[in-house]
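Data first, discussion second: the structure below is written as structure tokens.
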């Protein structure tokens, strides 16, 4: 019996150090990165018994992915494939007004051909929770079908499902995303979404509270979590709205903030915490993530508790 | 027919990484750097057909300079020399109150012996614009004479001339600069100068508008551009004053900001833009430059347009 | 009028430093690499007026390729594309018995859709020589057709053609290669091939001299060059066999040795040298290449002459 | 049911890059290293279901150890301790005549206080094999006692025991080692030792065959494996001597060669191979190890098979 | 005759670059660090004839310490020991809310066994000033006794004594510190302490002025210097209170700020400056320190003067 | 009373890492390097009380030189100058046939204007030995005169003089060197020279023994030491020839081998050793030097003794 199963693509992230431009870079930093494994690592670090699965090429590049994920303590259960490539993304970090730019090179990744029957669906059936994000069905027609099957498998087995909308404009249009994602929502218990995606993709408007209520009403989600950027987050659950401000943070690497939030939110829910404490746990973990290089929240429960208790500040010696 | 010819020294810039002190550094980053090539690269990146020329030692160090400049797409037309060294400068980056310190090691560089007849003056005659800066005549008596000859050659051939005052206190005194530079001004159509140099070197006083007007009146410049640091820039042209605020930027490396501004200003003027749009183009490129390591604005027209349109912000994925 | 046009894919090469394994690497060195641009750079460095063309994605990654090639002094004439990715390859360097391993990630590169009519075939018609290799037709059906059209275009215009068999077992089988390549041979004047590929792919057997004669006889090549690894090279031309031993070298990076050889061979032929001196020039350049990191022979004519004259040895100070 | 349990200290290894001296180093490479985890990783990579355990400080440094080991796919079962430090060793690599120098800084490591009852001895009882080395009892009086208890526990439960003598002159004298180690031998089924340690520590003399026979006879080992450096290895088993020459290798990092040999030897024995094939498997893995930075044989079964089949040579592309 | 002798442990500081976590670091930066040598270097750089002494292991690691300290111009007079290890500390830098974390690994360092009679106490007797900090007696019972003997030796010889309370919560409790330190105070002329340590360790309360007066009154210090963080510092001397605000600074590495302050304060006092100018000198040096990587204020008198005169700002070229 | 004073230029050495070409390097390693300081450090490390002096620019670059030299334990006594630059040299390391190439950038270094009366000649008079090399008079006319004055000063005061011919073809012709150097020889007691320089510069021919005898006879040297590369060295002293073979070594950086030899030779002579033991000491230190990055022999007496005793081999742990 596992606490949490996540499914989705993990890429290799290639980034020039020290704000160099890709066009002139002579070296690249290499890290594993993907929404679903980011969430699974964050949850694992915080006490959840999680497993991540996907389809990876049977090559040093595919093993590079599991090697890093396992170094964080996560259990991985990949399907190894002789077909398909290892997805990558290039990221050029920069301050404003240049901004940080992402170039996906993930077409034809091994995972894009993953059918549900290849994946360890038994693990999903035996798990308390299942998580994937809106990136997964965006990657291929096969994965669109697979995502629906996995969500159905979970709900059919009584496994709770959490889903982060995670809209990526470089993968599909808002219209395409809306059509696909709303079909999946009947199998989703907990929806997480940035408020701007709720507006832009789902077409829901109004105050953030109104949006949360409308989402919950329309698609009958048990819980809706809206992330509000610097404003923190807000949840609708059992008809009630709970707000959580963001913790102050000095940002070293912003990528993966949302995944850290979701991973910690789920960890706290799985550990029996209520929505309010899960939001707080998520916000504290997200604040820590932003101080850490890479997509992944390499944190400890003590550190998260320290943020919540407003300790951990300055120099500890 | 070329759009723009620039002439001036390009050095090798040696800087310790990560705010280390020169006194204790064990490695140095190496980049090509020089006002006139900085301007030429910025203009080239933004669509200008530019060429840079200078006199370089016929050695791996001289080739190191052209190699980097050509990697940015710039055409170089160096004169290769068996005499003279490759100029360098050491730069130690630091926050306040240490401040960033430059040590020039450029005496006896090959370029300091460059006479006009050695240089490809035909390219200047056939070009629409010619650019050099006040650094060039400061480097040697020969270059002082060469600078005057080149400016005369340009105006004689109907090539427009742009000149950045670029006062460097480590090269000469304000008095020496004033005497030399004001002799050149009769051949200059567009003068660019920091407002503090107009005061300190040229002895012009008053409000920034008054200074611009006074400069234009005294030396009959077609256009005067005053750079005002965080206040942006201001131009006097056809009797009118145009102001351009600076775009907000997160500074990674401030060196070369002024050259990025001038290169983009000229690119836009050459492309037919008016002074106002050239100022805006210059300011946007300058803001981008500050996010980029090194002296040089490795930018694209889309990025500059994005700054002007206030796009390009946050993380694009 | 250009001396040499080359067409073929240039990839980004990603390699872990210091013999690290890909599976555990945290950084990768990044360089441009491709047989046809390797050849073009080597020729350019040695005085040839060469141009390389291909189809590249209109992205920082595509510009990364031209940026590096132009830094070596090569003229590039890419077709920029909104479709297709930037091909890459990963290379893990290791001594024996681990050996050096290459993982291609070049499927669906922009170049794989390049049709002859998109490419600057006019440059080929106006050039003295045209070069491509057996890698190009192996990359896609479109490129197989394109390769034939380009070779036909060249011979039709009186442009001499050189072709390196360059068999890659990770791209196709010997049988598939044989079928495709032998169809192209009627348009080829100079064939270069490793002797083992002549045996393995073309099925020619016997002593190396016999193989060279048999290749020349069967496909009526003007010149056949066999590379023999540590044994050097051998050419058949005008019915005569010329042998060239390899120069001794301390290998730092063996990749691109053959391309350095071909680039220098062609440079010397273009400069009017006979086959014997071209072989010698090729062998000397190949020896230098092996001391240089990356795929590309960043050399000077003086250095190549120094190897031939047995100078350049020890420490020069 | 596990195939193999290993127990012993894993240190953090700190080494200056590029042959720098420790006295002048400004950065250090950081890796996990320890005979027993080296053996366990090598076995795991080759298909064995292995687990490593030890006592580690409950700190980022202790987690640094398990993080790296798990990245190689090894299961770790550490006891976390609030007492004791993380052992380290500094290693300065150099060619002859400087030689490679090790400075241990492992006194008072958490593991030195590990008592058998703290460790997961149940895992040993349920395992097919147990492995530790002569380093473990050398580290403290407590560990001397613990080692004996663990070996006794294993043999009592029918778990086979393998033991590498691994004499370290910086930890104890030959006399002290002899006294302690020979007391343990009654619980050891498979003894591995360098021939020079058999002579120097155990005082056995003669030809290598004679030494192996004498060791087997005196202490009734089921199997004795003598490692002979460049001469390969030799085993005595069932009264027979089997010899295995070393595979040729280009050494990048020699540390951990013996552990790679043992890990692969055990993996092959566990998989049902006979002593001869286990020796061959060990020798091939040892040869691969020497091409890999760090103490650990990050290899695949295919690579080991490739060495045995004399493939994997040159550049694979 | 020396101006200043300092005694105390200097460690090797190991820090992951670029905000990486220790748990996942693959390289560490290495620097010498210790309150008493930090103070001695700062003073030396500013014209004081200082010497630092301690007990170090006779190993490359011990020599690594003196090598770096001497590179800054400091005279070192270590006692070399065959016993005891080189103390280290690991530091993980991070922004809030992660915060910067220190892991000491200094138990059983060679210095912890240093008895006064081993150390060059003659140098203390012949020096104008002696300095140590509250870290020294916290390291071992031996060092507690040694510290008292050294302070007694100094005052007995007419050498002035300065003492920085430097409370470290990872070494001892406030109560233990109070008991030990207050016993030493009868031999202390100048006490420096952070105001929070005065409160937390010494139990003195009230306004900062009241605290300074109370400290001076209770233990009859000639001078009391309270450091107030961002508020600067305050001294009580001859019954008068002098305040010094902090200079603005952009912090690159905050470690060693207090030691830079003390070193410069003492340098100015030794040079004949009054308390007010010594405070100013200390504050300016502390501001510079924060821009410099590592524990140590590698500064020049000109730079400190520049901060006081509000020069040194921006880019100097 | 000092054992040894050396005078000569110390440069900053700039080298691309990992066999990169200067033309394409993006970072450079930075080290202090100069024959006379190399000799002084080697001697210091081996127990000699040595001091090095020269004229350096009063800048971070000049301090970079003394900082590094003092880190090795050497006493430096520089004259600080406001005129003249810091000499540098660029070195590109490569295997054959590329070979290692040096580009000097040392013209107009501060030292080139050093007159004897500026330098601490009192230290020479009070020293047992004085050393400089043939590089010093090659650097400027002033230094030619200064070298003669210093040598005269030494012999006048009874200080023994050692001189390494150190011919540098990039500084002067053999003829110019011969004319200048032979004028100095009347003040030289111990001449060291590579045998090829004796032939090429001094025009002495014959077997190596004949050359040594001829040198000793012609210029009445007390001792002549000929270095013979891989053949080791040979001395003529008191009419006797002593030979010393080279110790085997794995070369990491060959620069400074001769200086290491001379420094150790002098250290052993100063310590009372005879010529044979000094040659052996020199050869052992030279062998160690070749394993160490940089120009300087950072060695210990134990290590040198270990080479002589044929210990120190393999891995010590």
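Just so it is clear, A, B, C, D, E and F label the chains in written order, and each chain counts residues from 1 on its own.
Following the convention adopted for this analysis, contacts are C-beta pairs under 8 Å (C-beta built on N, C-alpha and C of every residue); 3 or more make two chains touch, one makes a residue touch a chain.
Chain identities (UniProt): A, B, C, D, E, F = PfkB domain protein.
These numbers come from a predicted model, not from an experiment.
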Subunit C (PfkB domain protein) onto subunit F (PfkB domain protein), rotation angle from CA fit, given as a multiple of 5 degrees
120
Which chain has its C-alpha centroid farthest away from the centroid of subunit C (PfkB domain protein)?
E
Chain copies touching (subunit B (PfkB domain protein), subunit E (PfkB domain protein)) - same or different residues, decided at half shared:
different
Calculate how many whole Å lie between the centre of subunit A (PfkB domain protein) and the centre of subunit F (PfkB domain protein), each centre taken as the average of the chain's C-alpha atoms.
62
Determine the centre-to-centre distance between subunit D (PfkB domain protein) and subunit E (PfkB domain protein), using the mean Cα coordinates as centres, and give it in whole Å.
44
What whole-Å value do you get for the distance between subunit E (PfkB domain protein) and subunit F (PfkB domain protein) if each is reduced to the mean of its CA atoms?
40
Which residues of subunit E (PfkB domain protein) are in contact with two or more other chains?
21, 23-24, 26, 67, 71, 101
Mind giving me all the chain pairs that touch?
A-B, A-C, A-D, A-E, B-C, B-E, B-F, C-D, C-F, D-E, D-F, E-F
Which positions of subunit B (PfkB domain protein) touch subunit A (PfkB domain protein) when the two form their complex?
17, 71-72, 247-252, 284, 287-288, 291-293, 298, 303, 306-307, 312-317
Per the contact definition, I'd like the list of subunit E (PfkB domain protein) residues that touch subunit D (PfkB domain protein) in the complex.
14, 21-31, 59-61, 63-64, 67, 85-86, 88, 90, 92, 101, 103, 105, 107-108
For a test of understanding, state which residues of subunit C (PfkB domain protein) touch subunit B (PfkB domain protein) in their complex under the given definition.
66-68, 70-73
Could you list, by residue number, the parts of subunit D (PfkB domain protein) that touch subunit F (PfkB domain protein) in their complex?
18-21, 23-24, 89, 94-102, 104, 168-170, 254-255
